[in-house]
Structure formats: structure tokens, C-alpha cells
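What follows is a pair of complexes built around chain A, which joins chain B in one and chain C in the other.
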Partner chain A sequence: MASTRVTRRTLLKTAAAGAAVVGFPLPLRAQAKTFKIGVIHPVTGPLAEPGQACRVGAQMAAEAINAAGGIKALGGMKLELLLGDTQTKGDVARAEAERLINAGAQMLQGPFNSGDAAAMVPVVQQRRVPFLIDIAAADPITANVAKSVREGQQKLQFVYRNFPTGSSFGRKAVQYFGEIFKEAGVSPKRIVVMHANDLFGQLQARGFVAAHKAAKPAWDIVEVIPWPEPPSDLSTEVSRAKALKPDIIAPITRPASAQLLLPELRKQRVEIMGIVGPGSPGLYEAGQLAALKEDLEYVLTSVPWPDFKNPKTRAVAEEYRKRSGGKTFDTNSGYSYDAMMLIADILERARSTDAEAIVAAMKKTDWQGQLMVSAGPVRFNELGDNPNAIPAMIQILGLRPTVVWPKESAERKFVFPRPKA
Partner chain B sequence: MAVGLTLIFGVMRVINFAHGDMMVWGMYIALLLSRRAGLDPYVGFVISAVALFALGLAVQRGLVQRIVDAPHEMQILLMLGVALVLENAALMAFGPEPERVRSPLAASTIWLGPVFVDVGRLVTFGVAVLLTLLLWLFLFRTDLGRAIRAAADNPYGALVIGTDVRRVYATAFGIGAACVGAAGALVSPLLPFQPATGLSLSITSFNIVIIGGMGSLLGAFIGGLLVSVAESLGAVFLAPSLKELVSFSLLILILLFRPAGLFGKRAP
Partner chain C sequence: MRWGGLAALLVLLALPAVLSSYAVTIFILIFFYAYLGQAWNIVGGYAGQLSAGHAAFVGVGGYTAAMLSNELGLTPWVGMFAGAALAAVLGGVIGYLGFRFGLRGFYFVLLTVAFAEVGRIAASNIDALGGALGLYITFTGDPRQFQFQDNRAYYYIALALLLLATGVAWAIERRRFGAYLAAIREDEGAAEALGVDTLRYKLLAMLVSSFLTGLGGTFYAFYLFSLQPNAVFGIPMSVEIILRPIVGGAGTLLGPILGSFILTPLGELSRFYFGQSGLYGAHLIAYGLLLIGVVLFLPEGAYPRLARALARRRARP
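For the complex of A and B:
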């Protein structure tokens, strides 16, 4: 009984598929109608806000691809997204990856948080499913797989990443600091790094200090002041920083600590050329701008950011604003949008839905369609990372995050040193 | 806020694990009043206190009253449950982003030569002292206050001389919640908060109350001062990220050498 029913349904489906792909070569009709992509982000839990932004970004890109006729090299095959939620828990991320692969996912995209990405990697390597990381910065995620492939423990690398790596954040920040000081014609000497001492804050601070040591610039890091995250009060930390007579405060914050740090710097009248962050959340989001207002004005931060000089970015950002209830197209929505577009490019070149063909096409990627500020086309190196994925220096000007560096992508010239209050 | 916790414990011997989450609700009420009605939190704290009084009364009447005589571990489970409900209700109602109430008072400072005084903190401190004083007057100078103290000392004896102990318990819990509501509103311009902030607030207030002595108003007050001064000095003389180490080391020392706390009565 059951088998006849399935047969009838299959027949109907095949007939519908046949009608849809009339005129295409015969073998394609035998393939699935859609290409299934598992899209996994933390849409609930503490990182729900950025996770939801990632999901919307990926969905918008997939809709745009389907509306433009799907994957042409595969006979107009449409993309179908299977959605997953990591809740920012490694074990859940792993289980979700398995669930979606069992449900037929032929590729995975995600997952925003480095810990979750590390938990998903063994699954995709074992199940041989290509995985494009849209956001997750920790270096070892791809480096470990590349190492085991190089040493012959695994045959093929299925994990690739289009996002700046943790160590490149520090290097780029040191580079941008120097370039901006030079362009502004000033030579600040004393920089105080203040950071949250959770895992992210410590790694970020360590990366920045190490990059500074390697580059030996003309300015010094005179002190590194950590605070327990989330802090209840930062007045002692700030008075300690003030006593060091800094030219620049380089904060590595989280949203909650940024809401304490910036008003405290103003209240204690710490006289500095500016606040220049090596890269951290809390200094540019819409919610933070509403809460901190003028305390954020002129603050500079190094962060991956959409290239709004590109008219296509502006169009997508406008659509994103409508779909998300007024939110800014930013790091998270931007990189996940780019990742989905990149998957489409990979499939066009793979001309097949076979996992190994997809990986072969991934390795040969040379794609220029990204909306994010970047140093060049997307290309994957021997580790599976894209060295051309870079952060940009943004500045809050008129309560709006504005790209001010690198020069080619700058929407406006930076204001530095900041005007005296 | 520690004063509210110590009051609830002192009277009912119930450890209120939902204390920090009640405080977060006090903060969100201040936020709503400031956003919707333009009411400064230094005025709005009164409304926040009244709202939390009602919440405290409801929690006591509906839940806590049933377990006043139950073993401590069951009380803790119930109060943790209340804490979870309060935290997640806040998450649903207000979202996960950190918030801060803006008040012109909290943004201003007074400079006395090289020393600066944060006006927001000064006012908060002043109001906290005033509220503690009022509470003390209430407990020692009014009939209801005396009844609360009697019920705390010996519930059976209080019952015998005709005190409505259930009503007294409900009032005490309500007042404890009102204290924390006021405290929440008062610090809302100083401390960014999100639904998950409750737990760390609970822990801080437990620390203060244990150092000061469970059930002692003066102890809670002195304990609060001691913990914050210890943390500030720790941040200056040690690394800033070690300041919590200082206050919790203080806690361990107190537990070792004076287990009842500085002003607590020894357990009989």
C-alpha cells in the first residue's frame, strides 16, 4: 500500500519536474530539483541578534539567486535552505549539522561563533559535505584540517572560510593605526589598551599586542588594562588609564562594557587624541548608538564592514533595512550574504552537485562579487582561508558608522585627532 | 539591594535567589518610565518600588508562603525557578541587547580640584542611605514594623500574641522586593543591564549580606560599603581584573573567622 502511494507521488513530482525543465538534457531530470544548503547560526541564546542577522542575509541572497534563474550551469537548479540553530552551544551546533545533513543538505554555511564552527568541522569532514564558513575568526578551525590533510590523516579538506582570521585582525589593526596617524600628520606615542578579559577579549588583545611587537611601529603600548566581563563599574580602570597620560585609548569591548567605558572616559575628562579600537563589538551597533549617542562620536574601530561605495551594496542594504525592521546591513548580514553568493558561483563552476567536484571548484575560486570591504577577489589559500578578507576602519560620524580606511573604500575622510570638547 | 535581601531572609529564613532578577525588572521599569513618560529614574524609582512591592506580595502569597517551613534546598529550587521565569520573561519582553537609562544627572560630575565626584553615584548613595534609614524607622518605630521583628524573632510567639504572621510575612517580602526595585531604578543610569544580569547581581548581594551578617540591616549596609571599597582598592593596588578576587577573598575570610558575618547573630 505504502509503496504504491510513494510511487504515485514520485511520479507526480517527476512529472512536475519534467514540466518545469522542459527543453533541458535528459540526465538533469533525474537529479533533485533543488540544491539543499544547511544554514546554521545562533538564532536563539546570547548571540541571537547577530545570528538572526546572518540568517536573514543568507536568505536574501538565496532568494536573489533563485529569482535570477537559479544555478544556470545545473539547468536553473534552485537553492533550498535548511535552517539550523546552534544556540551558541558547540554540542547543539554539531547535532544540527548532523540533522541537516541527514535531511539532505549537500553543503553547509555558518555558524558565526568560532566554538560552534570547531564543533561542526569533524562532522563535515566525516560526512564529506563541503562547508563554507561565513563568519568565525579563530585561526585553528581551518588550519587544523589543512594540517591533517597535509599529513595524510584525511584525504580532502571540506572546510573553507571567507572571513578575516583572528591573527589577521591584529595585524590589520596595527597597520591601519600607523596609516591613519601618518595620513593625519600626527605622531601619538602612548597607547593604552583596555579590554574585556573573557576569551574573545583576551585573544583579541593578545593578537593586537603581538602584532604591535612584530611590526615595531613608532608608537608604544604603555599598558594593557583588563576588566572582568561583564563589569559593574569601570571608574578605577579609567582613572588608572588616565594616570598614564595616554594619547590614544584602544578599547576591546562587549556591548555592555562599552556602555560603561565610554561615558566614564568622558566623565573623568581623559584628554586623548581619540578612541581607536583594534576590533570588537559594542562600538557601532544600532542599539549601542541609541544608548551611547554622542559618547560614540568620532570613535574609530577596525571591523569587517560592507563596502557602501558599491551601488549593489547600497541596494541590498536598503532591502535588508526593510526586511529587518530598520536594522543596518553590517558585518554579520553582509558576510553571510556574500557566502551564499559565493556558493552560487562555486556551483556554477562545479557544474555538478558532487561533493568532490564542489571542493575542486572551491579551491579554484577567483570571485569578485563580494559586498564587503576586501583587498581583492575571494581566493582560498593552502589553509582554506581567504587572505583578501580584511576588516575596514570605521568611524562614527554624525552617529552613523562610516568606512574611513582603507582609502579606496572610504566613504568619508576620518576626523582624527578628534575635536576638543 | 542587600538590605532587601537581608530583610526577607531575616524575617522568613527564605533565601531569595530571584533577588537579582527582581532588581533587573526594577531597572526595566525605570527604562520604560524614562522612554515612554520621560520620567527621570531618580524620580521614577518610587514607581518602580511600588511595582516591585506588588510583585513581591504576589510571589509571597502565591508561592513562598507554601514553602516557608520546607527545607532550605526546596526553597532554593523554588526561588531559582522564579528567577528563571523572571529572566526569560524579561528576555521576551525587552530582548537581549544591553540597555542603559539616560539621565542628565548621571552624566554630570563635580570637580573638587583634581578629585572628581560622580553626581549620579552621589545621589544614588544619598537616596540609599535615606531609604535604609526610613526602613529602620519603620521597623523600630511602627506597630507593623514591630510585628515584623516579632515574627522574625519567634514566629510561634508572635502568633500566640495575636499577630497575623502570614500578613506580616507578605508585607516583609513586599518591602524587601520594593527595596530592590528602588535600588534597580537608582543604579539603572550607572550600570548597563540585560536580562542575564540578574545572576551576577544576586551573587554580589549574597556576598554583601554574608559579609555583613544575614538578617542584619546595619550589616547589609556596612557590608555593601566594605565590598565596594575593597574592590576599588583591589583594582588600584592589584590588577583591575582581580578586583572580584578581593571581595570574594574577604567573603572566605569572614566565613572562616566569623561565620555569622560582621553584625549577624550567632546561630543558636
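For the complex of A and C:
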């Protein structure tokens, strides 16, 4: 019966460890030496790659803040990150938020996926922990909290976001299309939207079409052509698009489908002014550039992007490249980096680690230190969103993603219509 | 046994008073997934009809209650029963198609998966349901809207749901209905030859199971405040539901509960110990290895083994 005894002991040990993890209430500390921030992203699961980029971005920013002497207004207090993983599951996101707050997190940052953000909202509202969303686009996340505060069901809003909202993506893309056409002195009429028919592709396509309808520009969306993602072949979709005699192809791709779509457009010799995407992965990543080469040249796409005109961005991007094994500093690492820097600014102004003081400072934010392309300083509106967080129009020029619009952030002037081959 | 159960219940009722909010969250997840597992257990365990699409019922239940609340202002306390009834209708359709046409084993599994996938794709494409972005629920903390400022309220509701499903399973087990289901599971041909109306009882089990699972959908929606088609209708959710009864012992009353008390803390502990390291996913590997171990060494589930060990100990002088 020795085995039973061992099992029982192991069981007891496990139970004790479990109790140690979950059971003990945190002792109240008079004065913490560090300011603890729970950083929660999907570092495993289907969104692991962008989630990991986010985590590294936040870590790099925190290290930079600490190396520069911590939070000066709080006597040089250092930031300490408590790391969480949502696995892109709402229940795990909620449990992770609880766990990190239990471990002493005084603020939360994250979580990339909108559903996970929604699951974390009640936790931070209940436990009164300020939560800065670095990435998550669904409009209702902040709007719903603002609504329940307005209607008196919640006292204070603890949820703020520094990222373009879902509805603004389509709106901005339509606006950029028009501005670029005007600046180039051309008037394309017929635009064909081609998109991956998965969650992201549908969302992006619908947002773009809805924004087009609302803005009523001079150009028409003559057809929307979806493909099942991942596709095995796109020749029929491309010939369908070609038959519509488009001036512009507006693709919403995934990396795998972009690798089929772009060569197919070349092979079928579709005569267009250019390929202009409303925003999607697959058109600018380092791996895609290596695989698609010339097929990506002159492709334009709207995406939140770092402002490489800023020398600081270039320095951080170089460090990020080293730290991540050659990856590009992009939307995900960039917005997470900005969020951590923004937290430091908020703490400097709050001059206190008290949650309400932090929220008060958050509301008064007027911060210009972003590395991402933006329309102005970070300022939170009545919903808790920053309307100055915008995507940029980037173009692949010399096989490098280059910001070409808005004009103020442009590294170079765009090339449109693209030169005839 | 009875006194043991009562004592355990009293402990569970008193626990939130001393637990941290994080520990309460873990218990909520234990109870909730045990509840879904128990609901599945009725058709998947007792009747032995392997449904791998129970996520569909969570989705239908959750979406119905959330839509009724968002659009018509109907309290989810009522909406949850509307959602459960709709889930039961869907369960009836799936059950009738599967059982009437004699789909067994893998064919029935595929049928259930197909329905869940249809649900997922439908929900992603219907704009009124929020499309692929999903449905978001405003957090107000108002108990009339099935929302609570205090985590402990969710704890008691999840516990009540678990007790409800376990009570239903217990009642079925004790009645002739339960014996019929066991007969169908063990040898359907023989059961039929003995005059058991197998179609009727399998269908009944499916209706009860899908109703209860649909009820759980409302809890999911108003605990996590958003519904995404991929999360609630997806295959991972179906697997999550099945895992607990399989690990704990399918077709036993305490199996799903034991399975949940093993799996949920296991997931949390492995994340706690391995999640902080730079090795992304180490915690999932650890969790997976432990899971393989459980299935390898306890193939019929943890509960039957535990019950035998207890019986042996009692038999000893």
C-alpha cells in the first residue's frame, strides 16, 4: 500500500501548493517598492505570435523606464511587470486578471483580443484597477463602460484605450483612399474588394463597405469577392475580378492567401492603377516580403504603423529586431510599447499609486511621446478612447514598408498609380 | 456517503467567506465546467451517445439570452430559459436526425460537430447577432440583469447550476430511465430486443442535456460579457465540455465534478508555475502531459478508481 501513501502525500503537496497560490490574501503593504503592472496577452494559442510581440514591446518599454530612473514623481519607483497569458479564451483572461490583481497588480495592460478585453472589464471595474487597453479594436468595450457610468450604474470608468477603434479602421481607409487619389490627381472609379472569408476578413470588408456607403465618395465598390481562407487556388476569383475591369484591387488578405493572390494578379495581367488594401496582414511582414518580393512592390495598405521619421522609433525598432530574432517593430509591439510609456507618463502626473488618482491623471492625459503614427497627442474622449490613434497608409517601396500617408508622417511620397510593367 | 456529501456542500457554501477573489474565480470555473460536463454526461456518459458539438447549445443559449436582454430589455433570469428551450429544440433536431437514422459512433460525432460548425458560421455571418465581432454586453453590476458587482454571487449561481444538473443526473440514474440509458450504452441492439424504446429515451436524454447546456450559455454570456462565434460555438468549447466527464469518469454521477476539480486547478497551476518563464507555452505542454498521464493511468476516469479504492479500504477490517 506504499503507492497509496505516496499518492496521498503528493496530493496533499499539490493541494498545499494550490492553497498557497490561490488562498492567501495578500498582506497589506505600507509602501510597495515597485509599481506592479499586470501585462496580459495571448502568448500561447492561435494569436500567440502577435501576443508575444505585444509582451516583448511592453517589457522593452518598462526596462527603458526603469533604466532611466523609474517614476520620478514617486521617488524613482521602478515598474515591475506581472505577466499573464489569455490563450485567447475569455474565461482564462478573466481568471488571469483576477490572479494578477491578487498578486498585487495596481494597473493592467493588454490584451490584444477584444473578447478577452470584454471579459476583463468587469474584473477591473469591480476591483477598481485602472486598465489601459494597448490593442483591442471592438468599439463596445470602452463605450459600454462609459454608458454604465453615464447611467449611474458604475461610479468610475477604469477602462481606457490607446488604439484605433474597429469602426475607425474602415472610416480612415476610405478617407485615405480619397486623399491619395486626389493628391495623385487621378480619379479611379471602379474598386473591387477581395477578401479572406474568415473572422478578420469579414470584419474588415464589412467595415470598409459600410464606411464607403456612409462617406459616398466619387469611387464605387463594384464588387466584393470573398474566398474561403485558407484558399488552395485563387485563379477563378482573380479572373472574376479582372472581368469587372477594376481600376483598383482592394485586398484583405492573410499571409497564406496573399502569397496566392498577388502572383495570380500578375499572371493574369490584371490592368489596374494599383493594389490598395483597407488593412490586413500578409502585405508587409518581413516573411511576406521575402516570399513575394516584386509582387509586393507598390502595394499600399492601411495599418497602424510606427512613425519611423522619429529617430527614437528607429532606435527602439533596432533593439526590438535584436531582441526578437529579426522581427519588424510593428503594430503590435509598437502599440504595447507606447502603452507602457503612457502608463509611466500617467504615474508621473498622478504622483500617487492610488487607483482614483491614476484614473484622474488618465483622464487629463495629453501625451506626445508615441512611437506610432498618430493624428496628435494621446487624449481620452468621453468614451475612454483616443481619437488621435489612427492607422497609417504604408506602401512597399524598395521592398520596405514605408509610411506614405498621412502627409505629416510620410517618410516618402507614395508612388500611385503604379508604374506600368 | 450521504453525510460526506452534505459536509462537502456546507464547506463549499462557506468557502467564499475566506477565499480571495482569484480563488473564487477558479471555483466558479470549476463549478461551471463541471456543470456543462454533467449536462453532457446525461447523453454522452449515461446514454453513451458521444456528442462533440455541445458548444452549439452553449452558443444558442447564450446568444438568445443576450439578444433578448440587449434588444428587448428582457432580464436574463427569464431569457435563460428561453435560450435553454431553443437549445433543447436544436438538441431535439440533432437527436432526431441522428437517432432516427441510426447514426452511431463516429457518424453521430460528426453530425454533432457539423451542427456546431453551422451555428458558428451562421452566427459569424448574421449582422444582427454582431457577426464575427460578436455580441458585447454592458457591464452594469445590476443583479436584475444577471450581473454582479461581487464575484461571490457568480460563485453561488455556478454552484446552484452544478447542483441542479447533478440532481437531474441523480434522478435519472435512480429511475428506470437511467437503467434504459445504461442498457442503450452497453448494447443498444439487446436493449431494443428487450423492448426498450431506444429512440425515445436517447432523444429524451438529448433534450434534457441540451436544455441544461443552453442554460449554461446564459451564465457564460453574463460572466464574460461578450459572445464570439468562435469561442462559444467552436470545437475547443465542445472539447472543454467533454474533457471533464472523460477525465473524471463518464456515466458516473461524480465523474464530471471530480474531473473539473482535477482539470481546472491543473490548468491554473501549470500556468502559474510555467507561465512566467520565457518559454512560451511551457504551461500548455505541462498541462498536456498531465492530461495524457490521467488518460493513460485512469482510462475509465478518476472516479471509478477512487470509488474502488474507497470500497477496498472500507472492506478491510
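By definition in this document, the second predicted complex is superposed on the first by the 391 of 421 C-alpha atoms of A that agree within 3 Å, B and C clash if a C-alpha of one lies under 4 Å from a C-alpha of the other, contacts with A are read in each partner's own complex, and residues count from 1 in each chain.
Here is the rule we go by: a residue touches a chain if its C-beta (ideal position, glycine included) is under 8 Å from a C-beta of that chain, and two chains touch if they have at least 3 such contacts.
These numbers come from a predicted model, not from an experiment.
Looking at chain A, does chain B or chain C touch a larger number of its residues?
Of the two chains, more chain A residues are contacted by C.
Could you look at A:L260 and tell me whether it touches chain B, chain C, both or neither (first, second, both, neither)?
In the superposition, A:L260 contacts chain B only.
State whether A:E271 touches chain B only (first), chain C only (second), both chains, or neither.
neither
Once chain A of both complexes is superposed, is A:A138 in touch with chain B (first), chain C (second), both, or neither?
Second partner only, chain C.
Which of the two partners, first being chain B and second being chain C, lies in contact with A:V43: first, second, both, or neither?
second
In the superposed arrangement, which partner chain does A:E382 touch: chain B (first), chain C (second), both, or neither?
Neither: A:E382 stays clear of chain B and chain C.
Which partner chains sit in contact with A:S148 here, chain B, chain C, both or neither? Use first/second/both/neither.
The second partner, chain C, only.
With both complexes superposed on chain A, which partner does A:D366 reach: first (chain B), second (chain C), both or neither?
neither
Check whether A:G115 is in contact with chain B, with chain C, with both or with neither, and answer first, second, both or neither.
Second partner only, chain C.
Can you give me the overlap between the chain B contact set and the chain C contact set on chain A?
Residues 48, which sit in both footprints.
Quick check: in the complex, which residue numbers of chain A touch chain C?
Within the complex, chain A contacts chain C at residues 4, 14, 17-18, 21-26, 43-44, 48, 52, 83-85, 87, 89-92, 94-96, 98-99, 101-102, 114-115, 118-119, 121-122, 125-127, 138, 140-141, 144-145, 147-148, 151, 153-154, 166, 198-200, 202-203, 206.
Which of the residues in chain B end up touching chain A in this complex?
Result: residues 95-100, 102, 107, 109, 116, 118, 190-194, 196-197, 200, 204, 231-232, 235-236, 239-241, 243-244 of chain B touch chain A.
Spell out the part of chain C that touches chain A in their complex, as residue ranges.
It comes out as residues 18-23, 25-26, 29, 124-125, 127, 131-134, 136-142, 147, 149-151, 223-226, 228-231, 236, 265, 267-269, 271-272, 275-276, 280-281, 283-284, 309.
Residue numbers of chain A touching chain B in their complex, please.
Its residues touching chain B are 46, 48-49, 197, 225-228, 230, 232-233, 235-237, 240, 255-257, 259-260, 263, 266-269, 287, 291, 293.
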